[in-house]
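Given below, in the form of structure tokens, are the structures.
Two complexes, one shared chain (chain A), two partners (chain B, chain C).
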Partner chain A sequence: MFLEVRNLTKSFKKEQVVKNLDFTLDAHQTLSILGKSGCGKTTMLKMIAGLVKPDNGEVLLAGEAVTLKKPEKRNIVYLYQEDLLFPHLNAFENIAFGLRLKKLPQAKITEEVDKIIVSLELEGQATKMPNQLSGGQRQRVSFGRAIITNPSLLLLDEPFGSLDAGTRKRMQTLFQNLTKTYNITSLFITHDLKEALLIGDKIGFMKAGNLKVYEDKNAFINDTTTGVQEEINFWESLN
Partner chain B sequence: MKNKSENISLGLFVLIGVVPFAAAFGYAILYSFGIIGVVNTGFTLEFWKAVIASGEFFKSFLYSAVIAFISLLISVGGALWIILKFRNQLERKFLSYISYLPLAIPGVVAAFFTLQLFSKGGFFSRISYNLGWTETTVEFPDLVNDAYAIGIILAFTTIVLPFFVLLFMNVYKNERIQELSILAQALGAKKNQVVRKVFLPILLQKTWVLIVLYFIFLLGAYEIPLILGQEAPQMLSVLIIREIKQYDLTKISEGYVAAVIYTVIVTLAAIMLFLPKKHGAYET
Partner chain C sequence: MRLNWKPFILSLFVILVLFPFAFMVLLSFMSGWRFPDLIPEYMGLNNWNTILGSEVGLLESFFSSLIISLSVAIISTLTGFLLSRTVYYHPRKRVLTLLTYFPYILAPVVFAACLSYFFLKLGLFGNITGVIVAQFLIAFPYALLFFSSFWNKKIRSYEDLVATLGGSPVQKFIKVILPLAKSMLLMCFFQTFLISWFEYGLTSIIGVGKVQTLTIKVFLFIKESNYYYGALACCLLIFPPIILLYFNKRYVFKNPI
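On to the complex of A and B.
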């Protein structure tokens, strides 16, 4: 197993937000996680990223415990719900941010960034500042900036939540292509059932701090507590 | 209707904001060339040559620029440090309220406070005497009306630093620097890299216009350098007013020459600062 989360727990004051979280994920797989607002999804991602300290439990990445490591030492990238770009840097420099931290030679940085700009269909946008880009373009720059650092694990917190339906669909396809091209292992939080089924190799459902990861997509669809059956019934009733 | 009210607004702006300034500037130019003035006899370059030859204006300009620069450096640097170290504490209501207070203190009051605290007969000199550190007031270091303008810089800092603390606090929140810092960490940035590559560039880029405007403001400050400055060199406004108000009527025109040069430099700087920038397709 590439990612192992064991007994992870977190409380804020008296409220237990994440309860005994236990799951695993293979390398180069995406685990889609569904759940209502406030059920502990974001706290779970932040604990795995090292941005929130868990009360108990541990996180292992490729067999190595990373629970006590600082966020910058984990090689895990957490992507916010919004397309949060550095406002003082253009699209190229935003993508190159992680590479510049590693002090790579300029030629190498240019080569890597140009390559990813093509993958993200962002040709001609490299010199634009974040406020000159559309929502979808900003989200793609945000992806590029994360992927280029070759993270061991990518944590995405409702990344397409703020996009319109058309852009969202294009971004879902792009994300699927990128995960294959760059062999990405990721946890993908979403509120959208269709998106979860489309993007995830495995599906998890979080409720009141507890995460249930399903064996396969059919097990998820057949579970009456997830709301999938209600959704199917709704669409069938329209016929 | 809309055009009419726009025209009225523009007319009022020109009447209140432009006409008095242009009239005063025109008056200063005419005075500087000897065209008007009690003892002036007609157009001459004599006053301009005298000001340029004496070099006092340029010395004063440089002196003022250095003082304004050091005061701003301390204020901006101090404010950035405070935001970096004590931002969470400053968000508490009481401290946030306290940080607004210095903004309500007029320059002249700040100058008198500084004089009372740091002069040879002032508060700290007396403490130093009572503690036995100094035996006479002369032994207390020159902190006001001194050669290094320490008093002026102290007073400027007292007024300007709290403003920048509040400004940076707002920019920090509005630009979501907290989230961007966390993101930078997730991308592999160490704490000092977060400061150098995220915190400082964003805050400074978003506020540099105000920093430059404050530099211009301090360059032309009057009350504080008048009370806390030395005889020579003097800061610009003090020098200009001294020249214009002096008893030797033939020297008044030289004061106007200095005022004209100063106005031209500051106006050019302001025009460069506010030149329209190119906007992008999605810019809001």
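On to the complex of A and C.
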């Protein structure tokens, strides 16, 4: 297993937010995680990224324990719902940011960024500042900035939550293509059932700090507690 | 045709605002203007020439003020910025912020009187270092409060993002936090410079007459009823703030991030 999360627990004051989290994920797979607001999804991702210290448990990446490592040493990139582009840098420099931190030569940076700009369908946008880009373009730049660093694991916290329906659909397709092209392993948090089914190789459902990862998509669909059956019934009742 | 009064009223207001400044400049060129004379005895560059001479010590005061204010502005802006981050992430953020207001509860003169014992023990009475430390105690809490609005959830998210992208704490500061805070840093520098530049109460007590800043000089000339030198000192007093205002307008307000 590439990612192993064992018995991860976190409490804030007296409230236990994440309870004995146990799951695994193979390399180059995406695990979609559904769950209501406040059920502990973000805390879980932040613990895996090293941004929040767990009370108990450990995280293993490719067999190596990373629980005590600092976030900058884990090679795990955490992406927020907000694109968080650096307002003082243009699209090119935003994408190149991670490579600049690694102090790679300029020629290598230019080559890598140009390549990813094509993959992200951002040709002609490189010199634009973040405030000159649309919501979808900004989110693509944000993806590019994460992917270019070749992370071992990508954590996405409702990345398409703020996009309109059309842009969201295009971004979902783009994300699927990128995960295949760059062999990305990721945890993808969403509130959208359809998006979870479309993007995830595996699906998990989080409720009150507990995460249940399903064997396959059918097991998820047939579980009455996930709300999928209610959704199906609603659409069927319209016919 | 109806007469439009708006431009006249506006002009009158502009004249009313600008008149004291224009009169102050004129006064700095004069001497011996007594009632009921319509014009002064002398009008020329004599007063200004004295700046270069050591007789009045205005040039010396100007440079002392500049050194004190630049030191106070630089130190309080940088320490205020760095420590405001610590305060923001501190679990007792509210209590610490409340304590920041403490120096403003007392009048500067009373505050200086409270501090004078410690300054005396530390050998900081009557020298420039003492005045810098005293003014820092007023400017630093201001900077701390000023930057408290900069730190928020979004900035924290930026910090976390840079960390997960592989950035060290130093890289995080240099490549993201400082550029994001650039406008606020310049603004705070300007404000703390002005706090220090026009400070009178603390400076007069801690400086005990040995450190004569321009503000102290202005008060001295006015006490002596020497309005011409007072006006001249005022001209020098408003010169650096005008330059700073120009740079602020050019670099801060035109390039907000």
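Here, the second predicted complex is superposed on the first by the 239 of 239 C-alpha atoms of A that agree within 3 Å, B and C clash if a C-alpha of one lies under 4 Å from a C-alpha of the other, contacts with A are read in each partner's own complex, and residues count from 1 in each chain.
We take it that a residue touches a chain if its C-beta (ideal position, glycine included) is under 8 Å from a C-beta of that chain, and two chains touch if they have at least 3 such contacts.
Bear in mind the structure is a predicted one, so any value in this text is a computation, not a measurement.
In the three-chain model built by superposing on chain A, chain B clashes with chain C.
When the two complexes are overlaid on their common chain A, residue A:101 makes contact with chain B and with chain C alike. When both complexes are overlaid on chain A, the residue A:134 reaches chain B alone and has no touch with chain C. Looking at the shared chain after the overlay, A:168 reaches neither chain B nor chain C. By the touch criterion stated above, A:80 is placed in contact with chain B and with chain C alike. In the superposed model, A:88 makes contact with both chain B and chain C. On chain A, the patch touched by chain B and the patch touched by chain C overlap at residues 49, 51, 70-72, 75-78, 80, 84, 86-88, 97-98, 100-102, 145-146, 149. Residue ranges on chain C touching chain A, taken from their complex, read 154, 157-158, 160-168, 171, 175-176, 179-180, 182, 257. Residues 175-176, 179-180, 182-190, 193, 197-198, 201-202, 205-206, 280-284 of chain B are the ones that touch chain A when the two sit in their complex. The touching residues of chain A, when paired with chain C in their complex, are 46, 49-51, 70-72, 74-80, 82, 84, 86-88, 97-98, 100-102, 145-146, 149.
Remark: chain A residues 49, 51, 70-72, 75-78, 80, 84, 86-88, 97-98, 100-102, 128-129, 131-134, 145-146, 149 touch chain B in the complex.
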